[in-house]
Amino acid sequence: MAAKLASSRYGKGEVKVKKVTRHKDYHELIDFAVSVYCEGDFTDAHLKGDNSAVLPTDTQRNTIYILAKDHPLDSIESFGIFLSDHLLKANTQFTSVQVEIAQNIWERIPVNGKKHPTTYRKAGQEQWLTAVHRTHDSLAVQSGIRDLEILKTTDSGFSDFKVDDFTTLKDTDDRVLNTVLKSIWPYKSTDVDFAKERQTIQTTLLDAFAGHKSLSVQHTLYAMGEQVLAKTKAIDSISLEMPNVHNLLFDLSRFNRENKSEIFHVTEEPYGIITGVVSR
Amino acid sequence: MAAKLASSRYGKGEVKVKKVTRHKDYHELIDFAVSVYCEGDFTDAHLKGDNSAVLPTDTQRNTIYILAKDHPLDSIESFGIFLSDHLLKANTQFTSVQVEIAQNIWERIPVNGKKHPTTYRKAGQEQWLTAVHRTHDSLAVQSGIRDLEILKTTDSGFSDFKVDDFTTLKDTDDRVLNTVLKSIWPYKSTDVDFAKERQTIQTTLLDAFAGHKSLSVQHTLYAMGEQVLAKTKAIDSISLEMPNVHNLLFDLSRFNRENKSEIFHVTEEPYGIITGVVSR
Amino acid sequence: MAAKLASSRYGKGEVKVKKVTRHKDYHELIDFAVSVYCEGDFTDAHLKGDNSAVLPTDTQRNTIYILAKDHPLDSIESFGIFLSDHLLKANTQFTSVQVEIAQNIWERIPVNGKKHPTTYRKAGQEQWLTAVHRTHDSLAVQSGIRDLEILKTTDSGFSDFKVDDFTTLKDTDDRVLNTVLKSIWPYKSTDVDFAKERQTIQTTLLDAFAGHKSLSVQHTLYAMGEQVLAKTKAIDSISLEMPNVHNLLFDLSRFNRENKSEIFHVTEEPYGIITGVVSR
Amino acid sequence: MAAKLASSRYGKGEVKVKKVTRHKDYHELIDFAVSVYCEGDFTDAHLKGDNSAVLPTDTQRNTIYILAKDHPLDSIESFGIFLSDHLLKANTQFTSVQVEIAQNIWERIPVNGKKHPTTYRKAGQEQWLTAVHRTHDSLAVQSGIRDLEILKTTDSGFSDFKVDDFTTLKDTDDRVLNTVLKSIWPYKSTDVDFAKERQTIQTTLLDAFAGHKSLSVQHTLYAMGEQVLAKTKAIDSISLEMPNVHNLLFDLSRFNRENKSEIFHVTEEPYGIITGVVSR
């Protein structure tokens, strides 16, 4: 049986851009990395080495910087829409283009109680995400956040779980709950105020996490998704990944001391995998 | 509209195991990390905090170490089958279990021309992979490799590609081709000599890469997949990810020197994304 | 010539501790990693395998968790002093103990405009540092910060530098200045309000960075050190490492566009190495 | 008291070079990263922003690529000597130059039992190191290796150590010994066959590790250093860092199984810190 090309995808990964917009009173800084994935019929490139349908990934890199100049960059979502539109229109040999963007967050440094107009510090480890998928007759945008590390020192337990011969875990009604949140939400339409929706969703995720009386990570994950869906009409579902980063009580009883949920040792691996999608 | 749980998955990530089998004349060392993902109806856990269907991920961790003792560990594939079988039989509330294993490769250190029986060194950066997916009436195994960095100093070009207004890349008929290979191959059946098949596939991937006159990364990717399919009947398709790690000629002409494909600077980001699936 | 042990040092690295202090109205969270280095005459351990003078590193780990319980942990500096005191007194065979601590910074999540009492997010990538070095008759404390990424979008130039045959860089009077600051400051005495001094020094570093008209990274580094020394009497010198993270103008002139310090591409490697010590 | 510049150092970090030497029958590939550190009187640069004595780090980067073309690159040590010589002679304002090089190791892929002439794979995680320090009247070279992960499955114990109130560790006469070796050796002279010496030293380190009946990591570290000094006259001392990577017996007795040094769980942090210098 002869071989054939079942599918293929190519593009450019991790094109890092900073754009500085020089307003009169202050500067805006936007810092992001773009990856582009293109699909189409690339059979001749793969089987014959015929590159005539292959737009070089180097050109894709140039295109990202050029369009970053041409676009106001009010949001990574609108830039992703703009970039995918250009790439697909200029390349009818592509059947689809996916643009993925991860934004780093900077904040202006406070000096004497006021934000300095042109000086910044990295604000955290989290990244804001978007993925724009476009074909010649469809357009879909989803957004998200990752690497947002959050922690509750109380209102978290885990008990009455299934027990088998290999179970050694004990019930607990007060533990530290620590996770590194990743969440993705597909927009129902692209006619959305992306910045405002992101603000609403991210604030709600944190509020829900803070306020929840957690009986398990699953329990809190659901509550977070549910509250987001109650706050916005722009999405119909949200996925959450909330790895359970284990902070374990150090056994001080061996040393004549009591550990009343005070001293924890941290083990980054292994970790609990907890994921779910909440929808209407 | 009320919220509901659309889907969920949980388990344990990165459980690191070393097993030493103490033969009379030498020791065997197998070093691997296991992640387990369980699916089922966990609505009550998410909505009510009812954990009665939730086997703790800590128990899953215990189970991995216990079964690593009970199993000969002749291959990560056979261990994945054994572990998924145990977990699914012991937990009828699960609808599926996925076991993912990544193996680190060690080699016995040569001393005076002979392999030392009990001393090892890490053999490389690459990891051998398997993923076993099991439901109550199905079983699927796929295997793979990742982080295998390979390079050709000749027989690689890229020319006659599509040019647009944003293209600055020049044709080249002799460049360095450098990639970090990831490949995944699903087995048609689980009645396979996994170790022998892996050996055949990995050797063929390298042979094909070495022997190919490359007109593009896509061209070489396809040739590698095609040659693997010609060498084994155990699989019907293979996916390959071959990021194009750019080694660029440093422009020495500015300094009265010629650079005949000799001096390269390396940029790890951005990189070309090149992926494809070759099938029968 | 026979071999001898010229020097040796041993201890425990990266012992990760979280301590939660449960006040009535809110919880305090302190998150840090401790490394301990012990020196002494360990000749018999090395030459004969006589471990009688070797306190196991596992015991050192236990000691860190036990003393974290016994100590208020008002600062990592005071904990380092407490821990080094215990280790050296309990181990007269040690000639010195060095304790190094790196603290992760968490902030309480704002909910409805008020800090939630028991819920936290990671505040950034930077870590606060201390190193306490103690012998039987001396004690020295230095503190610092690392991985603090900061950036100026203007007031930074680099020109009139030395030029030779291999120079291609052009003068610039307006570039992005981007660095990942590491700074270390040795305290003159240990009778110091460590938390207050850290606050003063860190604020001054940022203020000086923001306010400086930079003619080079070296120029700004010196200004930062100078201003810190003017603000506190607790230290007599400060070292700064300010790698120059290159954000380069993307050449848009090739595409009929002007780039007025607006669009930058980022290259993380190579980077400029800029370090200095400013003292009185 | 006025501030002053106590010391400073600047240069370029992580300049990544690949050089391909195209012999008739095969190609040679050398892959390395260079960092350069320059010292001198840079007071005016720091205090006044006067850059006239500052050779741009960008020029240093150019110089590395240009000299990589001009030099045979038979060893990273000889290239470091060549590069430091150029930099110091061309810049009399420098008082010293330090060149640090880390080499990645590639091996030619075997095809049908023979090494392919022009195709390579990364050979492991370890890097070969050198540091060349030069002033206007001195030259010193040291070399080394790092990230060499090695492991013994037997002939390793740790017992009869010091016990205190906080000790819970038990004696063991058979454990897994696992470390990630870093070693540095200063050469007595620069009139040395660097490639041959490296070969001798690295082989001896592995042979000694394999052959040793270890009573502690310290014990093995010393034996390795001692055997190296017995094998070569080119060095008078060698430093070794051998972190104790803990592979701990998983307690299977809770599950009616015996663990005869067979099943280990791995914890990467914390780890034992074990360092020493062996000299004549």
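Labels A, B, C and D are assigned to the chains in the order they are written; within every chain, residues are numbered from 1.
The rule we apply is simple: contacts are C-beta pairs under 8 Å (C-beta built on N, C-alpha and C of every residue); 3 or more make two chains touch, one makes a residue touch a chain.
What you are looking at is a predicted structure, and each value in this text was computed from that prediction instead of being measured.
**Student:** Pick from B-D, A-B or A-D: which interface has over half of its contact pairs in common with A-C?
**Tutor:** B-D
**Student:** Is the C-beta contact count larger for B-C or for C-D?
**Tutor:** C-D
**Student:** List the centre-to-centre spacing of subunit B and subunit C in whole Å, with centres computed as mean CA coordinates.
**Tutor:** Roughly 37 Å, centre to centre.
**Student:** Just the number, please: Cα centre separation of subunit B and subunit D in whole Å.
**Tutor:** Inter-chain centre distance comes to 29 Å.
**Student:** Quick check: how many Å separate the C-alpha centres of subunit C and subunit D?
**Tutor:** Using C-alpha averages as centres, the distance is 24 Å.
**Student:** Can you list every residue of subunit D that touches 2 or more other chains, as numbers and ranges?
**Tutor:** In subunit D, 15-16, 62, 66, 166, 168, 255, 269 touch at least two other chains.
**Student:** Mind pulling up the subunit C residues that touch subunit D in the complex?
**Tutor:** Subunit C reaches subunit D through residues 1-16, 35-37, 42, 45-59, 61-63, 66, 90-91, 93, 158-164, 166-169, 214-216, 218-219, 221-222, 225-226, 229-230, 237, 243-244, 269-280.
**Student:** So in the complex, the part of subunit A that touches subunit D is made up of which residues?
**Tutor:** Against subunit D, the touching part of subunit A is residues 165-166, 168, 254-255, 267-269.
**Student:** Write out the stretch or stretches of subunit A touching subunit C in their complex.
**Tutor:** Touching subunit C from subunit A are residues 15-22, 27, 29, 31, 62, 65-66, 68-70, 106, 109, 111-112, 116, 118-125, 148-155, 176, 206-207, 209-211, 247, 250, 252, 255, 257, 259-266.
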